[in-house]
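Structure, as structure tokens:
Chain nomenclature is as follows: A, B, C and D, assigned in order of appearance, with residue numbering initiated at 1 for each chain independently.
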Amino acid sequence: MTDATVTRPRTRRDAQFDRIRDREAKLAGTTQRKGRFLSKFLNNRLAVIGFAIFAVICLMSLFAPLIAQHDPMSPNLRAIAKPPSAEHWFGTDKTGRDIFARVLYGGRVSILVGLGSALLSALIGVIIGVYSGYVGGWLDWIAMRISEIFMSFPQIILVLLLVAILGQSLVNLIVIFTLTGWGGIYRMARARMLSIREEEYVQALRSFGLGPARIAYKHMLPNALGPIMVNITLSTAAFILQEAGLSFLGLGVPLSIPTWGNILNAAQDLRVLEQNWWIWLPVGATISLFVLSVNFIGDGLRDATDPSQQG
Amino acid sequence: MNKLLRTSAIAIIAAQVAGGVSAQAINESELSDPRVRQAIAYAIDMETIAETLFEGAAIPALGLTSDANNYPEGMNSYSYDPDKARELLAEAGWDGSRTLDMVYYYPDQLTADFMAVVQAQLGDVGIDMTYRLLEGDVGAQISGVPDDPVNGPSVVDWDILYGARAAIANQEYFNRFAEGEMPTVPTVDALVPLVESVNATVNPAVQRAGFQEMEGIINENVYILPLYYQQLYIFESDRINRNGAPYGNEQYNYNFDVVNWTVEPNEDGELVAYTNGAPMQFFELPWQNLGIWVHSRYAFDTILEADGTLTPIGGELAETYEVIDDGMTFTFTLKDDLKWHDGTPITAADVKWSIEAAAQAPITHPVVSTTLSRIEGAEALASGDADGMSGVTIDGNTVTIKFAVLDPNVLLTFSQFAPLPMAYFEGTDPLQIQQNEFWQKPIGSGPFMIEEARMNEFTTLVPFPDYHGGVAKIEQIIALPSADGDANLIRNAAAFRADFGYTKNATDVPSLEEMEHMTVRPVNIPYTRMFWINQFPRG
Amino acid sequence: MEMGNDVALSVRNLKTYIYTNNRCNRALDGVSFEIRQGKTLCIVGESGCGKSVTAASIMQLLPTLSRIEDGEITYHGPDGPVRIDALERDGAKMRAIRGKEIAMIFQDPMTALNPVYSIGFQIKEMLRYHTSLGRKDRHSKAIDLLRSMGIPLPERRVDEYPHLYSGGMRQRAMIAIAMSCNPRILIADEPTTALDVTIQAQIFELMDTLKRENGTAIMLITHDMGVVAELADDVAVMYMGNIVEAGPVGKVLRKPVHPYTRALLDSIPVLGRGKDQEIKAIPGQTPDPYNRPTGCQFADRCAYRVSACDEMPPETMVADDHRVMCWRYQEFMADAAE
Amino acid sequence: MLTYIARRLLTLIPMVIVISFLIYLGLELTPGDAVSHMIPPDAYGSMDEDRLQELRESLGLGKPFLVRYWIWISGVLQGDFGYSLAGGVPISKIFLDRLPATLELSIAALLISTVLGSILGTISALTRGSLTDQSLTVVGMLGVSIPEFFFGLVAILIFALNLEWLPVGGRTLPGYDSFWDRLPHLVMPAMVLSIMMTAGVMRYARSSMLDALSRDFIRTARSKGMPEWRVNILHGFRVALTPVIVLIGFRLPVLIGGSVIIEQVFQWPGIGKEFVSAVRSQDYPLVMMVALFSVLAVLVASLIVDLLTAIIDPRVRLGD
């Protein structure tokens, strides 16, 4: 028994420890273990919140036609810049379009751009990176040089250059983001492959006479998936922000298509900024929440997949 | 002023159009059928758009020119009438299978909003339309003319262009209707001689008759659909006192008597005024945008002087001037003791050189350039057969200009034309005159001279002590590089960093009006926004 | 166990739990022992048995997510006994003990030294906080220490960074740091595991010399029975957070009274017994630390298991300096005697 | 060291040449050129196309692509950066004018984010799991989740227009000659530009610090009885610093890129603002030089990072 005269002062941590200890004492003997990955992810409160927000925003955008009561494209000149009401939850914009509907439909495009470009660049980066990282040779050399060229630009400069060269359109924007984004994933995948390549099970597989493609994609790739997923989430966040930034410069998705960036761009007008908060605040908050949620997810994934991070 | 123009327009449209429209397509394009174009005109509720979206900062248009004196009786106002539009479309056999491709080149939000509204209104009568912003080489994309002036196919790759014509001379609105000049309209035989006639006379009555006839034909057939007249809005802070100087078309040079303006002293007791229009990288040649930038307004004087409506009213650098020989000769005498900002005298030789250089410079304003190209010897100079224009002669302070072809806008041109000091351009190819380093800190002739020019940051101007019209009272003008339609203009104005200036951007107007220290004055200017409807079949 | 005057440190019923991953690992579940002045106590056991946690508890160097639940750690210093477990973890009093009174060397000299500071800096840092030596004296003392640890050219090497040292040299440097303030107790946590065998011998020789010359009490954590036989005065055998057997080295190694000690001894080759010696692996596996048996931790792997083993056995004195935690040590002793 | 730097710089040359060729080729493929951008579209309808063609010829735009590229690249290699097409201003002059502004902004943002980010990240790591740590993490995440132009606009609304504490934009005004005069202009853009990076540095410093604190030598330092500040700062932070510096080094060019948008928001007369207008007006020589400059900045920054790492971390030897 601890001598009462010499105990250290209790801290917040002690209470936490007591809780764990008591719970363990109760559970002694029973076992209930989820997969380590899932349990770690679920234990990360922020990641779970992030995933919930992400899912809600995605689903609402996906089912926009069912949720939105108004056509996002149809102006109503008799209801211009009206504040939020029962009829228009987020109010109307300067042409009387329903902002709630626009945010939902805009989400479709913005998420498509963000997630689509991130997935595409991951696909390209992984396909090339995994193979060239494992096999090496001239393919690796060329891919490496190309990625070096792409990566020696500050991203925004490269994006602007490509916008100038390819022109402004939704498809072009996805292509541009993919072009600027694949390099990072490629290098990461390649580096992972280089280290995994030295592991014994790979040597063993090779001795079984499996083809390099099969070894690389079927057996090695799964071991590199964690960081790749993290990278996809972070790219998604970055691309969505960049889409908004390009809209600000007037070089983003054409204004005829509602995207979060295009909607938020109305805040450039000082009067809108000062007087019509509902035109920019909901969409600004949506972008930020969405990006935040993606970042939370990425963080959770990182912790969950990183074996070096215990506790 | 706004109201006034509108009521006069309405008075005229009260009369009914007496029709003479060939109501059928003249080639394979449905848009060559006037009924389809009329339907488009009826489908767009410009009145409501002007009132709501543009918050009154647009005047629904009737004709191409905004001057009601140019309209014949019985102009059709095409007031919003969707039923009529549907009826006309049905008559024309419009089956809705075609989606019109609308293009525009203004990158601002308001234009995009306007496009969205037009899209909805056209959709309402059964015309599907998509819109897109033109990028890259806009000029090439909007100006190609088909080889076959009736059947096309069109060179431009769109159905409707939303754009504008900003003109100082009314002829500019119609000149493209000359034979084989118009990218969107098959040659209209009735218009060809009319275009010629308004360009070949200095008689206002003859010109007016021509304009009226052309406006009538265009209105009836909707060859071009004028949408609204752009006004220009002069804003002025309560610190500025113009002391009675007039307000006018700020995009061009007019007599606004800046010498006599005053401004409330700042904390240090200095008379400093802020404006916008400072250069970003270089000062623009004042022959292109004739009065937009800070230097062309304050640092350069023109030969003649115009009033706020750009009607020439007297000499500026010229003491006296005269048009003789039925308009074929123009002569003027410079004031005595005129000086450039570097203190050297302004000579007739500077003027002659400037005329010759402007005639060769590639980006000279079209009206000025047309006038100059009609001077005797202009062709020889252009082809390189001569070093100067034989039609421009000097004698002491007097310059005499002989024209080979009559030009209706001589006085207008010279009221906008600012000579440059030739000494700085020795050895410069007029083609590359803009590329001269002179434009980092130009030497001018106007009431203010450029004190310091930090590109993209600010330009300061101070009174020119030797100015022929007296020394300006404002001690310093600080110009920031924001411009018309730039969001920064409003921010600067809100932060008391814009004491006077102008904007054409309808979005800016309410913002400026709400600022307590700001007064905004609308000015009618010749600037018409319109739809060019491509009436050639697309290739 | 008698409490002699020569006791440098006593640990009584120490319980240290680790709380990572929102779970509770009862890493030490009631451990008692003493370290005597001028003597070497070896703590042996498989990895994960709690040896290092014991050392960390004494130094109060436990990971953040862990705490001493119960028990006493008493340091018998020159100024009278100090209850270490009651001191604030990184408080001034604890810090005054660390390094100065009790010093520690670690398993991996590759990582235990800070790569961005020179060896000299890391020795002098210690002198600066625990002695009143001036800057120059500290420098020459650092050189002396390195020299006495057998590092060649100490004048030059004192300013070199750890990555320029070989493994063995790093551990010597580590010992130099630890010994710089003449601590009364030296805790060595498997100091040679990461080193070559030849280097091992040199390091141990060095430690033994220090013990003899300075009277330092040494607590040596190891899993190498050969080392124990060589260096130890006393031995404590740990298994899953308990000391299952403790006593003088001669008794414990020669006549173990706990089945685990026996199994441990049988599982390693002993130098000198020849090639034919029988090596027996311990059957079964150590239990999941988060899911411990309620009774004797070794029961699952023990040939002597009976139903009584489902309860925790008490510490029993076999002799006045030899104790064991086993319900059936008598049966075991009887068997062993045959 | 010097030979290493020289060699690294030499390897940059082929890289830069390839990149410049690719950019030149890309711009070549876009319709239009600087001349067509000299004319406002509203006026284009009445311009004399032949005259413009002459101007094209005189600016050398009519020559075949490879010839133009050759003229350009040989000029650059001889130190002649060419002239901006629109105004004929020497590009070297544009650079001299704009670069200080961009550097001033970038360095200010870099300083703010480095200091703030590493302090907050270290605090976060030292109080790991606490409320402070969690709030810092969430705030940091929020910082990287809000579009920066939006941040900028709201900052202008609040600090410049409502509170009138700071100017709306620009870098200087006539008579503001010293840095201190100009400082109020710098505050908002630098703060806004640094937000994202502060969050990034904080996050990185936290994990780097956590990593350092979990290392064995920290335990060694504690076992030596060192005070906590010394353990955390001298031993932990010092080691955690290396990766943070690497990150910051790599961020410098990103900052130059990131300032593109901030320069627009705050009318900051820097390279980024120039780049956007050059891209819009297809001023090839200028676009090329800015792009090349930014590429060089990235490559040189990575070289500097390598050198810095070598200075900070004695284990690192520069590759031979």
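The criterion applied here is as follows: contacts are C-beta pairs under 8 Å (C-beta built on N, C-alpha and C of every residue); 3 or more make two chains touch, one makes a residue touch a chain.
Bear in mind that the values here come from a model prediction, so they are computed numbers and not experimental data.
Peer 1: I need the common contact partners of chain A and chain D, sorted by label.
Peer 2: A chain counts here if it touches both chain A and chain D, which gives B, C.
Peer 1: Pick the pair with more C-beta contacts: C-D or A-C?
Peer 2: Between the two chain pairs, C-D has more contacting C-beta pairs.
Peer 1: Just grab the chain with the largest centre-to-centre distance to chain D, centres being mean Cα coordinates.
Peer 2: Taking each chain's C-alpha mean as its centre, the farthest from chain D is C.
Peer 1: Taking the mean of each chain's Cα atoms, which chain ends up nearest the overall Cα mean?
Peer 2: Central by C-alpha mean position: chain D.
Peer 1: Measuring centre to centre with CA averages, how many angstrom lie between chain B and chain C?
Peer 2: 92
Peer 1: Where the CA atoms of chain C average out and where those of chain D average out, how many Å apart are those spots?
Peer 2: 54
Peer 1: Quick one: chain A and chain B, Cα centre-to-centre, how many Å?
Peer 2: 48
Peer 1: Please set out, as single numbers or ranges, the residues of chain C touching at least two other chains.
Peer 2: 64
Peer 1: What are the residues of chain B that contact at least two other chains?
Peer 2: 136, 491, 494
Peer 1: What positions in chain D touch 2 or more of the other chains?
Peer 2: 30, 161, 282
Peer 1: What pairs of chains are touching here?
Peer 2: Here the touching pairs of chains are A-B, A-C, A-D, B-D, C-D.
Peer 1: Quick check on the complex: what are the chain B residues that touch chain A?
Peer 2: Residue list for chain B touching chain A: 45, 48-49, 52-53, 107, 109-110, 112-113, 115-117, 119-120, 130-133, 135-136, 487, 490-491, 494, 507, 510-511, 514.
Peer 1: Inside the complex, what are the residues of chain A that reach chain B?
Peer 2: 73-75, 77-78, 80, 93-97, 167-168, 250, 254-256, 265-266, 268-271
Peer 1: Report the residues of chain C in contact with chain A in the complex, numbered from low to high.
Peer 2: The contact residues of chain C facing chain A are 17, 19-24, 64-65, 67, 69-72, 83, 85-89, 290-291, 294.
Peer 1: Across the complex, what residues on chain C touch chain D?
Peer 2: Touching chain D from chain C are residues 59, 61, 64, 90, 92, 94-100, 103-104, 106, 108, 111-117, 125-126, 129-130, 161, 163, 174, 177.
Peer 1: Along chain D, where are the residues that touch chain A in the complex?
Peer 2: Per the touch definition, chain D meets chain A at residues 15, 18-19, 22-23, 26-27, 29-30, 130, 137-138, 141-142, 144-150, 153-154, 157, 161, 253-254, 256-258, 260-261, 264-265, 275-276, 279-280, 282, 287, 290-291, 294-295, 297-299.
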